[in-house]
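Below you'll find a set of structures to go through.
In what comes next, chain A is part of two complexes: it sits with chain B in the first one and with chain C in the second one.
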Partner chain A sequence: MRESYLISISKKISAVQLLAILFFGLSCVFAIIAIVASDVFFLRLATEAMIFGGLALSVDLLLGITGLLPLGQALFFGFGAYASALILKNWTTSIWIVLLISTLFSALMGGLAGLIAIRSKGVYFALISFGLAQVVSKVVFNSRDLGASDGIIGVPNAEILPGLTSGDPAVFFSFTILFILFLYAGLNYLLATPYGRQLIAIKTNEHRVAFLGFNTWRYKLSAFVLAASIAGVSGALYPMLRGFVSPELMFFQVSGNAIINVIVGGTGTLIGPLYGSALLTGIRSVVGSFTPHHQLVIGVLFMAVVILLPRGIIGYLAPLLDSWRSRKRNAKIQEADHG
Partner chain B sequence: MIDALEWLQYVLAPQVINGASIGVAVVLMALGLTIIFGLLDVINMAHGEFYAIGAYAAVVLIGMGMPFWWALALTPVLMAVVGYITERSLIQRVFHSKDRHTLTLLLTFGLGIVLEDVLKIIFGANPLRIETPIGGAVEMLGLFFPNYRLFVMGLGTLIVAAVWILIFRTKIGAIVRAAAFDRHMTASLGVPVNKVYALTFALGVALAGIAGVLLAPIYSVFPTMGRDFVLIAFSVVIIGGMGSIKGAVIAGLLLTQIQSISSLYISPVWSDPLLFGCMVLVLMWRPQGLFGRLGHA
Partner chain C sequence: MDDAILKVQGLSVRFGALAAVHDVHFEARRGHITSVIGPNGAGKSSLFNLISGAIRPSAGRVQFNGRDTTGFTPDQMVKAGLSRSFQITNLFFELTVRENLRLAAQFLEHGRGLFLPTYASERSNLRVEELLEKFSLQSRANELAGYLSHGEQRRLEIATALACDPEMLLLDEPTQGMSLTDTHETETLIRELACDNLSILLVEHDVDLVMNISNHVIVMNQGQKLAEGTPLDVRANSAVQAAYFGEVREQLHA
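Now for the complex of A and B:
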């Protein structure tokens, strides 16, 4: 009896994974309720939250896993959005081609930016990624060919399968949530590979990894490129949802919001950033309907989290959940022993 | 030949003067950032907002009927108090954690968001203006120098010199440099290191406030005025070397000159990419910036 319990403990999934299952489960429940109620507003809002969740995932890959703080991740998000808008408008409406090409271009852009940014460490990296995004967004803001400050409007719907387009809020929400699940699962798998362990080791002690004979530059650059691709492909979904892109997508506000989502949700947990995106997009929308000064509320909340819960909500809840579960399990084992 | 002289006189010289007066303000901003980083290891992302608050403080004080000069003298004092309170009540709370760099950066980033929105709530998003306190211009060698810009340059130079003397030639400065070099050793010699930290932060914030007041009559005053300006200041600090006072001064003057002279030839839209290009080039050559950091040189 006791052995079987022990086996079941080792096979038990961790609290973070449980929270991840809960997250995607809740999204499905939400989708069903929204479809039954034939709602559009909340479906679109939730889709937007998930798109920014993709951006938050890419920030978490750098900040929570590799230990690099990116202050300009919106650069790649906006880049992917512009690439997607241009392809949809001028070439094809197939979502698969759009996603593939914007991923490739974002990866290329990530490689270029990475060559500049990865040279520097710590706060220098943070400030250089900040500067890069600032400069590129200014260039886009002033480029006539990209619509300057107006951006690109009138982006057509993307076609997912024949007959299913991104214009249908329910279809597009389902697609986005599946896509984010795919990204999440991919990253989660990556963490368990030697490559992922290497990234975590770099975060913990970069010098030691270098002394063990690994080329940390190569690992950091590849993580940066991967994060750029994830941000870019998430950005590519944006014009399909809203039908336009504007230079604001590259502005610091977007990078900053992504970081807020990650920190509030919980760095390094991967699911935390998705919770953070959902929570904060909700708060922005709700508070924003009462007052234009929702940034104040977000800012205070963010500062409170940084001071009181530096691990974020999921980073705080997961250990609690784990200890509660192991207490319950121990109680069961004792009961089994006595019985 | 005459053409070249005229070009020097009417095109280049005014641009250099403009660049230098803004340069001095950029140096004040960068000085604040670099001192705070050099001693506390804190990247103050709210620095641009402190700059904006300085400008608004001047607007309010002048609105209360005070002359510009009183506002100029009082604002840094007010800002120092704001800085002191910020350090004690917020930064100290995460200062002793393991990833201090990231947490303090994030905290000041959040603070910046809050402060900007507070400014918007109090003053609205529309730009306000301050009358230029000294009008007119002096003529020298056939060139016209706007008096106020000359004043900004003069006062800015004095302040930079004063800060330099304070840090490198006084006992207080020795304490600050010692605390930057080895915090525990300094503390064990009986120096109240935490107070030194808070006061240094206050000094940095006061410098940002002065820059805000000085530039308020040249630019208009609006809640997001610090955003672009702080980007230049960050580039200056990175190029000069984080925590280096010498670096902040040299890089600040150099970069603003590059910016203002280049605007003769290229659209000012490209001045930010140009600055950034300079920064990347310097970092490729010296990743730690041009000069070493405070207490380590």
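Now for the complex of A and C:
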């Protein structure tokens, strides 16, 4: 009796969710080892990976869930980073106020950009989102008030709680991983609601959704605004880590890397993009210390994944894990029958 | 209450030089099965697309339930109470049968509970179970829609259109590609639906089925209405015989 109860519980946690638990578990182990070893470099690198993981989550919401390919998601990431840098430098160092205001502004920006981009479909949406990011990044690049090509330097640390600031690598990594966990859990929850299911339906067959009585434009626009907010709030963490922002944060390379992180990790799985960001940020840094041509390695890896594992790492592992679990479950049931 | 649930007046649409539908007038009565027949290219599907909001008319008006619904979008038409199925099965093939129906039934919640877990949407979940039973899809509920047989997919297509509890249902060739047994079952099903006071507008190639179940038949040819009336009237109409039944008979005898 007890066993069947356990089985019914285990059935409720999907393989993807197990891999998510593993991800956050490994992050905690990593943090403990790094803190014990008084490491700074890897903690900061891992924090950066998670910040870009937030951006990848926002790309996955559009690409993997709603079926929109955003080629300019860095626009909102960079926008959040600039908003954060300006607030930290000129107004307050409270991380909560910074994150709140950056989110609101990114959402507003997302609404404006969405009104332009969501009118189009498929490749046209992709190109408009790309174009918008190019325009804004060039404006920032040429604005003296925003530091032009140098960006904004000397951004002070943000205060999380009295005595705890983003300047402490261990504290800031812990904060970032908790924050990303919060974003991940929120999106994961959203997918189980009618709203989230409609987004998936739009990706699967947008034409039919309209004939079910739903305004697809509204759903897509709201997803776009949500994705912009997530990208923006992730970007807001960036200057707290690096102490500066530059127009490069809005460039296509950042948008492109986010898409690569999503596809390598597993589109539409939400946890895949976090694995992808962790893996690829690690590879970029390690390979980058040997050769300046690390993009070559990333490019080859990307092609290999697209050809060999078209559903990405998590898209490949999750079904394997599922079939292994069901074999194990069947064996257990058989054992119970014989017993 | 007005007896006509749908009034189509002077409806036309042009695709370039082609007048796909030209100056079509007709009324469909509440609780009746009204059918549209005609040879290939007669403009039946375009007429359906005009009424359901998939395309905008070049001229003319559509009145549904006493409201002018000309130029409404598909989602606005569903909100007005008119739903449709498709000639080419148009489902969410990567989702399960239950999920297909649940997405459609979610309409009944009027946007409530949009951000609560799906199990909280009680009304739509009840509707899903009701439809699974009505369309004999319970045993397939957890299969992906893409894995169903053709007949099952056609049933799910109708069930999906019905999930929003419309006042009028547009069925676009519901028996297309079905076996004889499946066709008979679908015929019975359409009759049952009409008994529940649902108004039905049907486009169908199977003339025998149309003649069996319709209260009113509209015959189209080359984008225009050729004739209308009861099945008996239509059968007796010489213009119809020449344009349509003649062709079918020739095909049958060929």
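Everything that follows uses one rule, which is that the second predicted complex is superposed on the first by the 329 of 339 C-alpha atoms of A that agree within 3 Å, B and C clash if a C-alpha of one lies under 4 Å from a C-alpha of the other, contacts with A are read in each partner's own complex, and residues count from 1 in each chain.
Everything that follows uses one rule, which is that a contact is a pair of C-beta atoms (placed from the backbone, for glycine too) under 8 Å apart; a residue touches a chain by one contact, two chains touch by 3 or more.
All values derive from a computational prediction rather than experimental measurement.
*Asks:* Given the superposition on chain A, are chain B and chain C in a clash or a fit?
*Replies:* On the superposed model, which is not a single observed complex, chain B and chain C fit side by side.
*Asks:* May I ask you to decide whether A:212 touches chain B, chain C, both, or neither, giving the answer as first, second, both or neither?
*Replies:* Second partner only, chain C.
*Asks:* Return first, second, both or neither, reflecting whether A:116 touches chain B, chain C, both chains, or no partner chain.
*Replies:* In the superposition, A:116 contacts chain B only.
*Asks:* Of the two partners chain B and chain C, which one touches more residues belonging to chain A?
*Replies:* Tallying touched residues of chain A, the top partner is B.
*Asks:* Once the shared chain is lined up, is A:197 touching chain B (first), chain C (second), both, or neither of them?
*Replies:* A:197 sits against chain C, while chain B stays out of touch.
*Asks:* Between chain B and chain C, whom does A:295 touch in the aligned arrangement: first, second, both, or neither?
*Replies:* first
*Asks:* Between chain B (first) and chain C (second), which does A:303 come into contact with in this model arrangement: first, second, both, or neither?
*Replies:* Only chain B is touched by A:303; chain C is not.
*Asks:* Can A:69 be said to touch chain B (first), chain C (second), both, or neither?
*Replies:* first
*Asks:* Given the touch rule stated above, what does A:128 touch, chain B (first), chain C (second), both, or neither?
*Replies:* first
*Asks:* Should A:256 be classified as contacting the first partner (chain B), the second (chain C), both, or neither?
*Replies:* Only chain B; A:256 stays clear of chain C.
*Asks:* Can you give the closest approach of chain B to chain C, taken over C-alpha atoms and in whole Å, for the superposition?
*Replies:* Superposed on chain A, the two chains' closest C-alpha atoms are separated by 11 Å.
*Asks:* Can you give me the overlap between the chain B contact set and the chain C contact set on chain A?
*Replies:* Chain A residues touching both partners: none found.
*Asks:* Hey, which residues of chain C end up touching chain A in the complex?
*Replies:* 52, 54, 73-75, 78-79, 83-84, 86, 90-95, 99, 102-104, 106-107, 109, 113-118, 121, 124, 160-161, 163-164
*Asks:* Okay, in this complex, where on chain A does chain B touch?
*Replies:* Touch residues, chain A against chain B: 63, 69, 116, 119-124, 126-128, 130-132, 134-135, 138-139, 142, 252, 256, 259-260, 263, 293, 295-296, 298-300, 302-303, 306-307, 310.
*Asks:* Looking at the complex, which residues from chain A come into contact with chain C?
*Replies:* It comes out as residues 189-190, 192-195, 197-198, 200-201, 204-205, 207-216.
*Asks:* Can you list the residues on chain B that touch chain A in the complex?
*Replies:* 37, 43, 90, 93-94, 97, 101-103, 105-107, 109-114, 116-118, 120-121, 227, 231, 234-235, 238, 242, 267, 269, 272-273, 276, 279-280, 283-284, 287
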